[in-house]
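Labels A, B, C, D and E are assigned to the chains in the order they are written; within every chain, residues are numbered from 1.
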């Protein structure tokens, strides 16, 4: 087993475990923490997949900015205890079963799918480099890039509109 | 051109009246004048403007869909337009002195309904036909629901939704036919050119038939009708019953039979069974009614059953009788409703139990009633006789193995009609005057006038029906050629 | 392209306008003028005149259909602003912000009608959704509005997840995000693409409130401020339908036989649930929410039957359905409460408003000589090319819709007002409403006015 | 590693997110689960990006920067997610101000 | 065309004009004028009929066409009159007796108000018009028009006293029972039109004679048509099973009973079958059915008449019975005998009815013979004429009834001896109940109230003159058809009608004829004696056994009520209360209700909970994916 394979398995198990913990933790704070762990694990995968820039952005934006925001809101609302009453037993069961069924169906459906390349060759190519990405982003993807500014504008207006006390 | 004029006169009148909020006298007089103008135009189209160019009109409309504003007055259209204009004239004359709440709207809706009905009678484009079909329905719904009786809202809604349900099936049929035409057109000529398999004819037949069966109504699709007739204001009922019902028959004659002759033959037994069963069934119920309007309503179902059976007799005699009956039934039933309205308004009741003895002090009304009621049961020398005579004759000649069953069971209707009609006359007019009608019922001049016109038409066409036959002979011949089963089977 | 960029600029302008302009009617006028400009620019583009020559690098593609659809949406929006501008003021103090968000949404609408890459579709949907979450919750003190906003947000984000998973599968199969048909044999039959197709189908169904992904619709439409419900239920929905059609017409045309039965199934379920549930509602607003689901079922026939009829029908549907619904909601904003009884006897007090409303409801029910009828006619005709039974189900459901639409007509015309209060409508509003109604009728009589744009 | 593994991993993460949405009552947690779903998609996209790169490299298809689309898409997803989070949390906070709870079971004024 | 035939259109037209004048001017005309117009127009018709009769006697009949009633492809029904021996004879009967009854009515109805007096005469005129149309029509359709017209007038006249709901009920019954027959008649006409393409007598008969037995007109066709026509006739001519309306029809004014329910309308059935004799001659099965039905009716009605106490009811049942005799004749193929009996019966039955009217008039409206008795003293003319009538109907020579009844009995004898026996017995019964009536009414002692006794008086001249004229006719009317056995070449009627009805030559020895005649005359005389013995002095007796059965009219009315009327009524009730609202309408409403119910249930899917929404969505997704990937593959 190569080092990359070991890393893959470790990261995968970590991601899955921490994701499960996000879902099962009673305490919201714990959920946030576990989610951050998940993001780190995913970032690890990004690095394995040669997407260095994304790995970094993921940690900065997601694990850093976004999750801190979550944490902040939870703290603000004083939800840092195991306050959430459990859902109805059968509803939980139905939810779990449905989610599981979705997983099974998708996995079963795509199990034999014809992938264009079976193996992911690690640490090869320069796709994930910031330079390549930047060049592409500001040439081919300049239109979506500009359009996403509308998204931010509206999100900004919206957040102010909603958050403002009047 | 004249066909367009027939539609435009009431349309303009309706628009004018919708905008005009005036007093009753003016509105009623204006409506009456409009109806006279319509009648005159109709008369002119019979005698002076009867060239093919004058009697048809085509203009492009909805061209992307393959439709056009195509109107033509053939024999069927003529007799029905004549009925419509005559019935409106009689009704408006009768209503002249009547106080109605919001008269402008009332007459405007009625005129709008006239546009719709005339459109149905004249349209030669299936989509246009459907448009007018619904256009006639909406005003009737508003009329019945706004000016009707206590249970009007649920009852007329049932009427509306039932009829609407039927018509959407027809719409599917129309769309299907259009998709099969060579030039993707809704025009009747294009549709006629389609060669349909027997199976296609079969299900298209039912799509169309349900629409017409509900409109007519044919047993067992009739349950909206007595309630609606009862709850609608009687002038509206009279139009519903005298003119609007004819839309269904027109549908049978112009669209169903010629387009799907083989299916009409295949399903003829089923339909005729329903029709004659309806005659007996409705007659039984008519015998049991105590409400005058309900009684007339059920009697109308029985008459319609006969007409429907005649349509599926698939021979020229029946068609000819049916075409005459279109006019005569309209006039007679209109007379019945006018009389029912007079009785209800002047005595305050329409229950047979509380009426009685009117003949004692109001002989004129009695005479009108007896003549019109007897015309309604097709006594010889009244106008309905010839129609029913030919109809029954045609039913006995129907190309079905059960022709004699249909003729005999349908014929029972003749007997039952006498039973309930005489019962009605006896309950209302004979015996000692009841508490509700102690005083003589006086008729205003315009009321007598309207009734005299009706009676005049009854007797004239009862003694000399030939004009009606001549008017429709060509159409019945053409229809028979299109639906002649023996030649159809020989061809295929 | 013209309209897309300018609407974004207009959004910014309006966002800033509240700082400089204190009088709301000026802001309103500015918005209307902006809309008129957009409309003019869109028409100009229809005639081949572009404001900016931009290399879109295959991200956008404004074809004739998209531009006509945009024109219809802009016209609807114009009437919307005219009729409902007043009601927007009542929602909260941020009048200019609401308008700014509307224009941002507009940009999103143009993105989804003219996308050529799934990325733009995704961005467009988000540009539409995020401001809508906010507008839904804009009545901040109203718990229903809050609740609707959160529901909409959570469910909307969930569906975004589905959309993205679908796009990811799609990418896995194809290697790019171009929304065109791929004839590569390894792509056509791949189960990755199939899974992506289905997930996209679910996500788009969610956005246009097609059952069984419609659950957010009644609650959100009901809870949102009426004036914004009107916008969401009409223009937004129409644009998303255009996107839906474009996605399945272009990108997945080779898988037609796979997805068509599913769409048929969705049509049936949507029509059933929408119509049947609407029958039993006590509030006109909620009834309209369900009716919009039912109408979505009809519009979905355009996806089902991707053909000339269905596309023309969708245009007519867009115009007639939007105008009628906007008109009804505009009247609703004047009502005390949304119960059916509130409409009792309206015909006697406000004949113009009642007549207009009657026309709107008749159009929604698909009664001939209204735009709604022709729209339904096209849809049924389109469906009839494939399945008779689907057409029959559709028309039966149209009949059922009469059950609830006519309740309002019955209340207005056939019942008497038992309450002392009756809503007051400004004269200008009544006349404007009537004009809208006449346009709806005109659409039913001369649909060429709109369909002609497609061909000339 | 086989790309299939990444596929299954992403689906698994996605499903866990779905299960979270289904089983939790706290609106913030639900939102976090949705973020988890988005991240699963991101992972999948990156994996596919790698796959397409490999394929292009193996087949020597002359495309500039093969597989870069996927990574850029991830970038846009992050952008959108950030915007969504700002609005979403604003809505949750607004709700909390009004009902002092973020329990979605209490959101049942709108039904039937 | 015979010049006098050109006036033929006036024959029905005059009564029609009378009807219109009396009908429209009823509020303005005095009684004198009404009566004058009513009777005068009939007199005019009678005179023209005489002219025409003369012309027919001189030469052949003719068909005069006026206009086309129905003209379409494949069918032409002209409005045309056929003038020949049969119709001209009937014209005379109708207008002649009609005129007498009109005259009689002027006096009889004098107590009515002038409006209802005019109404009465307008109805009578309309009746005569219809009856004339019936016999003049040259095709079945015109015949049918008159046929229905007389039904209508009968309805109007039976219910003439509209205040009395019992009377109007009887009127309804008459009309409806007639309609039952009419339906069969109509079906027969349709059958003929479909098979032969025409409804004109001449064309139909020619066609059938040419094509009988072929596929164009098979034996079955003939049987069906003749049977249907006969059913039509049973309605109008009050035969089994449709006879019960006629006794009830006595609710009308007595002259009406005389005119309609004795002399004219009820003979329409006979006329029609006689007119169609060419078809009937080809249908032996139908003829035998007709003869048996006629005989059964004659016997049944005679037995009922034995125990009736209403003077008009007795006469009514006697009418039914005599009509039965006529049908027996028809069924035996003796059309001339039947028509002969129509003629003589018209005389003596009109006489009897008018006489009874005179009695009722004198008794102040009393019709129960148990309350009469001994009237012969006060009502001399009435008594004398009534006696002549009774003798005539009993069939004593040389009165008219003898000859016609003898002809019928003879034909029955030749046809089927068993029928002859029953017919002879029925003839004895006739004599018995008629003389019972006579004795109870005019003999014995008066049994009414003192006021009635004081009021007793002979009727005025306007009433008695018609009685006398009819009495003379009843005596002499039979002399136009004296059989050869009595007087050679005296059968003028037979010769006259032969072109239409065919000549009847009997292959029977004179000795047999003499035997038969003496048998019947002797039997009748014995019966009269027996009646004299029994009813000279009336004693009230309780009917027992079979007599009670007769008194209650064989319970036929009750039977019809139980078997037909009540079931129809209850079926109607069930349909109205049950089938219509609970089945048909419930099905229709059920659809609406189902929609509502479904709406009510489905809306609970919308639980308001985000969790359940997502759950449902995920489940839907799983299902779709599952089906797509693992089932549809």
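Definition applied: a contact is a pair of C-beta atoms (placed from the backbone, for glycine too) under 8 Å apart; a residue touches a chain by one contact, two chains touch by 3 or more.
Since this is a predicted model, take the numbers as computed values, not measurements.
Listed by label, the chains touching subunit D and subunit E alike are A, C. Traced through touching neighbours, the fewest hops from subunit B to subunit D number 2. Comparing mean CA positions across the assembly, the chain most remote from subunit B is A. Seen from the Cα centre of subunit C, the chain whose own Cα centre is farthest off is E.
Per-pair counts of C-beta contacts peak for the chains A-D. If you average the Cα atoms of subunit C and of subunit E, the two centres end up 78 Å apart.
We define each chain's centre as the mean of its Cα atoms; on that basis subunit B and subunit C are separated by 43 Å. Chain centres here are Cα means. That of subunit A falls 72 Å from that of subunit B. Averaged C-alpha coordinates put the centre of subunit B at 37 Å from the centre of subunit E. Counting only residues that touch two or more partner chains, subunit B has 161. In subunit C, the residues that reach two or more other chains under the touch definition are 119, 123, 126, 130, 133-134, 137, 140, 151, 154, 158, 169, 172, 175, 191, 194-195, 218-219, 403. Among the residues of subunit D, those touching two or more other chains are numbered 7, 17-18, 21-23, 25, 30-31, 51-52, 55, 66-67, 76, 80, 83-84, 87, 90-92, 94, 104-105, 107, 109-111. Applying the touch definition to all chain combinations yields A-C, A-D, A-E, B-C, B-E, C-D, C-E, D-E. Per the touch definition, subunit E reaches subunit B in the complex via residues 23, 26, 67-75, 115, 119, 141, 144-145, 148-149, 152, 155, 159, 162-165, 168-169, 171-172, 175-176, 179-180, 182-183, 186-187, 189-191, 193-194, 568-569, 571-573, 575-576, 580, 584-585, 587-589, 592.
Per the touch definition, subunit A reaches subunit E in the complex via residues 87, 91, 94-95, 98-99, 101-102, 105-106, 108-109. The touching residues of subunit E, when paired with subunit A in their complex, are 611-612, 615, 618-619, 621-622, 625-626, 629-630.
Subunit B contributes residues 158, 161-162, 220, 222-224, 281, 284-285, 287-289, 316-317, 320, 357, 359-360, 363, 367, 374, 379-381, 385-386, 389-390, 392-393, 396-397, 407-408, 411-412, 414-415, 418-419, 422-423, 426, 429-432, 464-466, 469, 473, 476-477 to its touches with subunit E in the complex. Residues 62-65, 130-131, 134-135, 138, 142, 145-146, 152-153, 157, 160-161, 164-165, 168-169, 171-172, 175-176, 178-179, 203 of subunit B are the ones touching subunit C in the complex.
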